[in-house]
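Once you scroll down, you'll see the structures, which are given as structure tokens.
Each of the next two complexes has chain A plus one other chain: chain B in the first, chain C in the second.
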Partner chain A sequence: MALIENTKCDCGHNNPVGTVLCESCGKPILEQDQQATSPLDMRYEGMSRRSQLADKTIIDQVWSFFSSVKIAIYMIIIILIASAIGTVLPQENQFLPGINYEKFYIDTYGWFGKLYYESGLSNTFNSWWFSLLLLMLGTSLVICSLDRVIPLHKALKKQRAKKNPQFILRQKIQTTLEEADLRQSPESYMNAMEEQLKKKRYQVIREKDALLAEKGRFSRWGPYINHIGLIIFLLAALLRNIPGWYEDHMIRIMENEIVSVPGTSYFIENEKFTLEFYDPATLPDALKQEGSERVTPKLYQTDAILYECTGDCYTTTPQLKELIRHPITVNDPLRYEGLKFFQIDFELGKLKSVDVKLAHEETGQVFGQFNLDFYEPGTEFSVGEYQVSVVQYFPDFEIEMNGDTPTLITKSRVPNNPAFTFKVTGPLSPKGDVVLYAPLNKPISDKINDTLGAQYSIAGTMQDVHFVNSTTLNYRVEKALPFFFVGAFISMIGLVMGFYWQHRRIWINEVDGKILLGAHTNKNGFGLRQDIVDTSSKVGVVIPMEQLKDGVKVK
Partner chain B sequence: MKLIDFSVTMFMFAFGFYIAAALLYAFSVTGKRWGKSDPADHISRWSRYGYWTAVAGVTSHLIYFITRWIAQGHIPVSNLFEFMSFLGLAIMVAFIIIYRIYRLPLIGAFALPVGIIIIAYAAVFPMESQPLIPALNSNWLKIHVTMAALGESFFAVGFATGLMYLLKAVDQSKPSKQTFWLEFTLVVVIMLIGFIAVTFTFRALGYEAIYTQINPKNNQIEEVVYQIPAIFKPQQGEVIKADPFFGTSFTGFEAPGIFKGMNAGRKLNTVVWSIISGLLLYGLIRLIIRERLGRSMSKITESLDPELVDEITYRAIAIGFPIFTLGGLIFAMIWAEVAWGRFWGWDPKEVWALVTWLFYAAYLHLRLSLGWQGLRSAWLAVIGFVIVVFTLIGVNLMIAGLHTYAGV
Partner chain C sequence: MLSNQKIIRAAILSVAVLIAAYTLWNNFSNQADPRLRSGDEAPDFTLQTLDGQTVSLSDYRGKGVILNFWGTFCLPCRTEMPAFQQQYELNKDNGLEILAVNMDEAEASVQGFVNQYGLTFPILMDKGRVAELYRIDPLPTTMLINPDGQIERIILGPVDEKALSYLVTLIMP
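Coming up: the complex of A and B.
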């Protein structure tokens, strides 16, 4: 049902429904507002907005909901509180994948951890409801801005100098100057003020008995430009969902290893990993005196080579073409056509391989030796007259009791405690003997080998062990990155426009031989009052600062 | 004299100048009733002295900053002492900018002490230089940290003027919710002062106690050093050595249930000491003034124009907001992108920078669109700075993340 409202102003102007101040003369539209004496509500120049239409379809209602600044503030506050709660315990994404989150939260934080995990708070920032909140805030940004910027633009374009006396005298900054104050004709005062205000770089609109001086109007667009930037920023976050626009993987590479980059035909090699500490002797004096006994790392560096595969890509011997070499350090990734590799983590002295000797169990006669790699163990080794084949490999070996039968299992794929079972075929054992080799669990493997009755021993010494350094790189693609930064940049321009300049307006009208002076700004009223005091005193009319507020009220 | 020692000396000078400047400003406002001279003349003369003393403080502080930079070879904003000290400098600069716009001497009597407390708090942390760890070795460090601090320093000035507004506008003739929370805010500030006083007292006495504690992260036994006597010792902590505390051999109660972490017991002890010393200090003040502190302080703000103070608070925040957006969020994102390959990773410090930003964004919308001015606006300015302080210090003390500095 349409509300019937009289929106025709005394000055003869027809205003749309929802108008607060007459579009033409600025007189308050509503009866009760005309009776009041409090300062006028100058937001959006008192214009009618789409969200205030009386007739409401569903779309109008949705529009009204999202166009409310109150709702927007509620959304900001909810996001703020949710974010804060999301930092109470570490989020799941702060750990390397593969751990049992539920167990971790319960073990570490008890009942609170359980609650935190089960309510989904441990994954706040990747949750659907948090994304929904951001999406709603984004919608609100768009609708709030559209709902206000269009009427505001219209209002500021068709401003008049002649205003209703109520409009002028109910500004926060206002005063009335009688003839006695002026000591000149109102018209000559207005002429002189026009000149002075122009000197202060005000734009002046002059009608016969009215003057409007305006400055810094463009700052009114600041908030909307800022919002456009924020909208672009949020849209960029949506762009990440386009396949190939966003990649984020951890790649662990040992020295001299070449691994494939997930989802691409590229390969990357870690030629060398370097960890350097500050040398106390070379530190500046200031750091030497107290900090020298402390060991502070200075550099983490991976010398990386990026290759492109040109053939046999899915075999163990792909054909590679070198593309680029780069020493990756913490603040300096390898970049190649949108792919980026960042230094994230490292591991020094990892068990890599061992040279083992095949020997006769009793006599100790050595038949030969071979290199056993804990990462790529291979399957067959020729050792002199003997053939050694890998039956099973347990990188992280443990014995589990299966009823009464001991069973060999592996706990993970990381060679923390490697064990091999080999089948050795040769002159001594044409059918093949099974031998267990578990270098870190010698007593157990000896015992098992005894029961197996093997005629061979396989052993290596500490000197035969090879260690290797490995690096962890973070492989990333973020094609939306320019959009994020363009959004942030536009937003910044809007903020600077809106906050470091102010829109100042001064209305001076002559009514019955008196001067009515009113002024409005959304910020820095102090500066605007100073402008008025300065200009007016220059034309011979001293207005005390205090008189500009709490001055004459409307009768 | 070594350059680094000269630098420390300049820091001490700056601290002295700031205290003198704050006193001069306070005297310019309060002293006008005693003197024989004309009150307006008194205010303008003593606030001028205050202003130039503050400028001298900023100059010495800048010399400290530059000489330390030269001496250690990298910008001194890379540990908590250096950062808080820089924040103090930025607050002084922000104060001078706001003061030059509005020329209100009382701002000096409120904003300068905020900066002074921040600087004194900085000195609680280890002052020695440290080599730069690889993650901080970037030009974006300089620009991100300094801009963020400058933005936050305007929020600090907004906090000071917000407090001034509350002292002026809250009706102190009878107790109310408003007087309670205002008094509470003042007590928290006094607790911070109490904490600083306690730390320096025991440091001067050379107090030390060492406890062992099982680190729950790796089940190793590690040592925890207390520099103030233990009211609460670590959970299942054993005393290795404890200097006598006023002649008693009391070595502390065991920290209760939830304070399990490696330094949780020591941090709890610090908080308890702050509360006790703050309350004692507050009690002493109450004994002397025999009324609410807020009521007593409201006499200084009597002559204030509340609308002007309201506008100054808003203006300080409006100036700080774009700077904070640029330094605390945009430059931070650029640096994170350069260093870690992701401009945003929901690290606790990042989240709290966002929380700060959202809070001030809400403040601005409430004020500009919903007309929240005066009291409500002043309360928000006070709460906002509490969030800033939590982001800077609380996150480091309570929530670990990528921004954990050494020495905390």
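Coming up: the complex of A and C.
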């Protein structure tokens, strides 16, 4: 209650609760502040911030919570820490799809990985709580800005030239000029100063015995314009939550393979992957000397074709319509209606197929050869007079004990360790004879073939092996990007306004035949003092720079 | 003046609350989570079988359908297969159909497996699109679809013989 009684100033103006300096004359409101001699706190022109209201409903309380800069700083710190922790381990969207995330994090990083996965940190930036933190920061930005910019705008709009002497003399830059210093009437000094300050492009408000010169007021709006930019930026980040606005996946494609783009009706083909190196002879010496063995990549390129599925999309033979072809290189993605495919990784020389020879086990007589693909093997092969059919295929084989009987199984779909069991039918074995082919595990396949008593051998040499290159593309959709740019641009305008311009004000009041001169700026006090020294000396009153030094002399 | 200010405050705070609500809804609600639930209509699809026939899920309206997603590389899938075969032999004439959707494997692998286990129900060859449509995780996943085409139960992981014989009663026409 004491606060409310004290808000009426000596000049007769009624100030709202929470006012520090009288809105009209600038005199400090609080008694202990009136007795002090330290420079005045000029923040927000000493206006009452809007959240400091006497009566408080729930809405007002929530409002004041978000209006606190301290709370905003805590929120920024929490977001900073969360973002930092989110970069300790790779995030889930950085992997090729189809892996078991829980298993991956536990196998790779142990108990820490388990904790990281289970606490949801492996998906920090898409989590609900991270979005809510951003939203709270956004709300705080809006409310903090509104609570400060509106009183500030009002205060600056209704400025008066005539101020309380205490207000002027408790500015950081101030001086008192006696009649002896002036050598002219205070009024003619003020008139001359008005003219000089106008020449320096100050805006001047003139009352009978008072003058206010002002420059660069718009720079005060810089921080708030910056905030508007940041709010747009944050909203753009939240827009990513709308389904389809933001996608970020990895797609691995072998040469000549067509794969579907997750969540869309598009398919993409890798026609060819090219990796080129610089010819070491053409490299500058500096690069050569570092390590003569070093190879320097010149080009990573995927010749890609994008298709749209027009029917039978779920079958093994979807109907595809070609949309666009593009050689994707680093920083030159394939773009199509907001979809982008970036070159991100590659794998060279993966086992693709092998030309194997069918021969007689003992005599070594070759009956013929056929091509065996490890990804899409056929099921029947005609080899001369013989018929070879695939009985079983294990791309990643292992022997599993099924009770007492060893059984062949596959650990995955990837041909890391392929094994085929063939049935060979022909002149030597009209009923068919079984033979195992496991090129990457000769000892085991030989042992099994011995047990089977296989009459045939199926084998290929290293020269007969065909390799394939695969590429990894990063598929991205970022529809909110224009909003990020607009936000960042507005924010930059605000920063430039606030950084490169200053709000300078000079009050000159006549009190009892003396001139009281006070000045305030939010930065570059030297420039403002220089302005005062220059203009004053032009009207014949030399004020030494030291006399305007920061500090307080109250008479 | 004061009431004006109150309205503006309430408006700004409610916009913030609305965005927060949308964010949470997006993360937690059924609609935003594309996973299927029991009671949902089973999305239709068309696939080729191992023997080259084209089948659609909707062809089996009026029958109880067990839709099983599996792979030969998946151990629990291998262990549950005999139970499916047994159930199929028992109930295929009473209106039960089993569709086993294979997860993008080579024909040779699948055919070998089918011969080894003596499976007689249709094996559907998926390139990963149907599994994506049904958001399958983990393998195996079994969906029990009633004669009206609705999902009656979803079983994540393997099913044993006893459980299966009970589950089948839920979808028999």
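Here is the rule we go by: the second predicted complex is superposed on the first by the 405 of 555 C-alpha atoms of A that agree within 3 Å, B and C clash if a C-alpha of one lies under 4 Å from a C-alpha of the other, contacts with A are read in each partner's own complex, and residues count from 1 in each chain.
In this text, a contact is a pair of C-beta atoms (placed from the backbone, for glycine too) under 8 Å apart; a residue touches a chain by one contact, two chains touch by 3 or more.
This structure is a prediction, so every number in the text was calculated from the model and none was measured.
More residues of chain A lie in contact with B than with the other chain of the pair chain B and chain C. By the touch criterion stated above, A:Thr7 is placed in contact with neither chain B nor chain C. Shared-chain residue A:Thr139: touches chain C; no touch with chain B.
When the two structures are aligned on the shared chain, A:Ser429 is found in touch with neither chain B nor chain C.
In the superposed model, A:Gly525 lies in contact with chain B only, and not with chain C. In the superposition on chain A, A:Gln547 makes contact with neither chain B nor chain C.
By the touch criterion stated above, A:Thr264 is placed in contact with neither chain B nor chain C. When the two complexes are overlaid on their common chain A, residue A:Ser491 makes contact with chain B while staying clear of chain C.
Within chain A, not a single residue is touched by chain B in the first complex and by chain C in the second. Partner chain C is touched in their complex by these residues of chain A: 50, 57, 59-60, 62-63, 100, 127-128, 131-132, 135, 138-139, 142-143, 146, 238, 241-243, 260, 262-263, 312-317, 375-379, 390-396, 409-413, 420-421. Considering their complex, residues 2-4, 68, 71-73, 101-102, 128-131, 133-135, 137-138, 140, 307-308, 311, 314-315, 318-319, 321-322, 325-326, 329-330, 333-334, 337-343, 345-348, 351-352, 354-355, 358-359, 361-362, 365-366, 368-371, 395, 399-401 of chain B touch chain A. Touching chain B in their complex are the following residues of chain A: 41, 43, 69-70, 72-73, 76-77, 79-80, 83-84, 86-88, 90-91, 93-94, 125, 248, 278, 283-287, 289-291, 294, 296-300, 329-331, 333, 340, 342, 344, 474, 476, 478, 481, 484-485, 488, 491-492, 495-496, 499-500, 522-526, 549. By the touch criterion given at the top, residues 5-6, 9-10, 12-13, 16, 19-20, 22-24, 26-28, 32, 45-48, 54, 71-73, 75, 78, 103-109, 111-113, 115-116, 125-130, 132-133, 138 of chain C touch chain A in their complex.
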